[in-house]
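Per-chain residue numbering starts at 1, and chain names A, B, C, D, E and F are given in the order in which the chains are listed.
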């Protein structure tokens, strides 16, 4: 390569670069205030490295609650840098006795790694209602197929912590108990569609703040 | 689960729920007046159950026409609730002698079920121009692969009715006759690109309102 | 078009057709005995129109059971013609009082049309656990976003029948009750991950044939 | 970087490389004799650079035929290197007066560049049956949306040549005339589903070798 | 088909056409000034055939530059008609001694056809760092799997020209030299992350206009 | 729900369950010895919970090597449970001074969380060769768009450890240095396609074990 003169060089490069590939093709940091489409948020027009870095998972979630656990997501709504990239992350903290109750992620598969403590984790297949559950220790990885009911339970004596990866910027989180009992779905409708006893339903609605 | 005090409960839940998953992840009801993207319409910001329910398929289409048939779609333009969900439906009514002429859906595969009457339905493969056609009776289901030419003909004595499912919120509908004869494509161009006789083309342009 | 001599014609056509597009590109009828991949069943090598037609949805399902309802699918396992086409169909019959209990389809969105009777149908969002439910009459269509908990209940006096389209050849069906109570998931694990009372769990395990 | 000793180096690299990423992730050259899945051919186990190079498009197609044109594809069946890569190419040669008649590619969009001669090319939208056609000269590029009816006609005095790119390893090619007239689809069925006159149909069946 | 009266005809057609399929389903010509989403540009509302035709590839790129080569893209930013269609094209001109240096397309696979001259082209697998390279002559086609490092070198005596198809409207172009040396990435960081000597880095930064 | 008699119950359930959804729809654990398709490995027929759990990421990688770092993947080849699920994970250990040199993942986006130590991590856009880099501490998350060149460097005094999530079961890993210098690509070809000096190339080939 002859490094002739820099004028030529710049001319050349801007020419080759006339392809003018817009930043959008590489990434599309979400503009949380812009219009949304089925593909996600609109793209921010000015982007810096801070759009691709998120600090929120470095802080332990507050587990002083009924499930003795907390899920802290880095989904597109919290971390707009993942918008359009088909990926996200979350952390889960479980105090002793804590549990992430049966739930699904409608929009993605999940893979977790245990960082601290001992879990009992499992999922149920949709076909044969076959149960897959296992005790997981520090360093263990488990994968949960998209949309299937699964749970994680702190089965150790101390605290537990795990990190989760998703293949969606917003996989969703539908906790069965919340879907059934933490809203105004009429009790008789819950009873008819779950075969649970009315007393049971009312008890859990009471705990979770549901009405109806 | 100890149902300690409700203050704690509410605190807890809002905490766990700090994931604040936007409604967009679950669905994206189309805002027919907003900007469109390759992924579909923009999402409406306020949504009710009525956005997910459509009444238009309960009404028989008007078959007093040249094909003695009517297709009534529930695509995203009619039923914005399917926007972004990759699915839609339609009904087809055929008077005696009615036909849905050869057509394609550029954007999706089709599956139909016969609710009333008798059809002769078929498609042609792109490879060997192999013909697959069959008489279908009430309750029969047939699938038509994406993009392939197919037709449905009322081959019975009475009326026929079938329901169609698509794997796209807007699969498109390209009726070959309409594409060729119901527009201003010059007759000589149609002749050159179809090998049809000019008289035949002019006749069908006349029937369908085409010019040129 | 000069119809010179047919020898020339045949030569020409086979030449143009030298593209020899294999049947696989148009469709891939499932070989239920062949190896499966993440994309579905292997393709059958010989295909007829009967591979694309299914008669199983013409027959009412047996509703003499606990849910007083029956779901009859035309998924790839029953109707291999839909393999690889991203689409399938099912019918649901509900006797008076019948219900399709809360369930999800992990692999697809659902669109239904009521053919007979009156339904109460609804789903719950994953975000705000917002409930969307509505009474549906004959001809009404409702769409259920992928992966979300939903139900259909016969809310009329007579029988109910609806047809469902899916945007997957095998969307899956995970009935919450079956996932929790119709297997060997230990009772204490169900209790810990659902907050249901042990007595309630044992009662439903008894009904559904679960153990543990 | 300290280039200590090569023993260490090799140890290191094989260690880092213990990720042992299989060749399949990078590409999946089609094994034309293996089982096919909805995603394409099975992968060959031994691959060389010759699997990624194809010589067939360097040869002009034989245009001594009825359409005075030839399409030479480099689809997966001819060029197994594109299997699984979502891309393919073809060349089209048109003698004076030659035409690629109205056709669709059910499985992909098309982009062409004219290398020689003058074309009249166009497509018809599925919505309003709106016609988009234009004269194209050497160097001009035109894009044809997936599944829509389109044509290319040599509108110049000399030969014409164009190169086509597809976003599918096997986009399919369904020529309307061939689908209607070059098979055993009964004449009355063609008439009923196209509104063409019986004489016209029989004439074209005669030319194209169709029966029925 | 009885061509009764044209009033009836028009009534019929507008009825059948009440499906009112929006133009968006067929295509989505990019509005370069509108909001962008992860799926690409917003759709223009008024479209003509000129939106689907591009003249920019008919002109030879200026190769009077350091790589003695030029890439002229027809991506969505230059040719908005490809927006949403998953396809694009480009031309590459190489003077004698010209080269398209090692680069990747993060967003798509590439297929090229040589129109003029002789190339040495190749790519490297991500797994075994296996090299696949070959001399290509006029008419030869080569495919490059998505995201893999590849290059094209004019290995003949005259000029070279090739046409490229991509399966993305904006596949991106990341030239390794430009990514490393044509920006303000600190020299020591380049050294630490590439093991190149500092003098080498500074030399290339000088040539390419990088700083730091 | 009337728990009439269990005979009825079992009859009912097996009937409703006649949908016989195959396990394949929920997951497709890879059979590493079976045929591969573009969609991944064939599915194992017998599956247990151990197929969904992986222990390999619990062990620190050996960093006694030239990059003073180790990447330990849980891709489909190591952890067949992720086959078909669009997700995987890896861990990276970096001794003081360790680095994961510039590399790409051709098949997926990456999201990392720092578990230990301090990193300098960054990527380069394909468009403007814009550099995005940042110091990351424990708990920080960073996302790297698919296919873009990026690096991670231990910029602290102690060891560093981070966990990575990918949205592919086999995202690939192409380390630029390895692609250029750790194979038999002829030195003059590397020189011509990278503008690196021959001496520099030979030096790195020497270090990395390349030939040619």
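In this section, a contact is a pair of C-beta atoms (placed from the backbone, for glycine too) under 8 Å apart; a residue touches a chain by one contact, two chains touch by 3 or more.
Because the structure is a prediction, the values reported are computed rather than measured.
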item	value
Common touching chains of chain F and chain B	A, C, D, E
Co-neighbours of chain B and chain A - touch as defined	C, E
Equivalent interface to A-B, taken from E-F, D-E or C-D so that over half of the residue contact pairs match	C-D
Same-residue or different-residue interface between chain B and chain D, half as cut-off	same
CA centroid of chain C to CA centroid of chain F, Å	34
Mean-CA-position distance for chain C and chain A (Å)	26
For chain A paired with chain D, centre-to-centre distance based on mean C-alpha positions, whole Å	40
Centre-to-centre distance between chain F and chain A (centres being mean Cα positions), rounded to whole Å	19
Residues of chain D whose C-beta touches two or more other chains	1, 20-22, 25-26, 35, 37-40, 106-107, 122, 126-128, 130, 133, 145-146, 148, 172-173, 178, 182, 195, 203, 207
Contact graph of the chains (line, ring, star, complete, other)	other
Interchain contacts, given as pairs of chains that touch	A-B, A-C, A-E, A-F, B-C, B-D, B-E, C-D, C-F, D-E, D-F, E-F
Complex contact set, residues of chain B against chain E	35-40, 61-62, 64-67, 69-73, 75, 77-78, 90, 106-107, 170-173, 175, 178, 182, 206-209
For the chain E and chain D complex, residues of the former touching the latter	1, 20-23, 25-27, 48-50, 52-59, 74, 79, 81-82, 85-89, 91, 108-111, 113, 115, 122-123, 125-128, 130, 132-134, 136-146, 148, 163, 165-168, 195
Chain E to chain F touching residues, read off their complex	99, 101-102, 104-107, 120, 122, 124, 126-131, 133, 145-149, 151, 153, 172-174, 176-180, 182-185, 189, 192-197, 200, 203-204, 207
In the complex, chain D residues that touch chain F	1-4, 6, 8-13, 15-22, 24-26, 28, 34-35, 37-43, 83-84
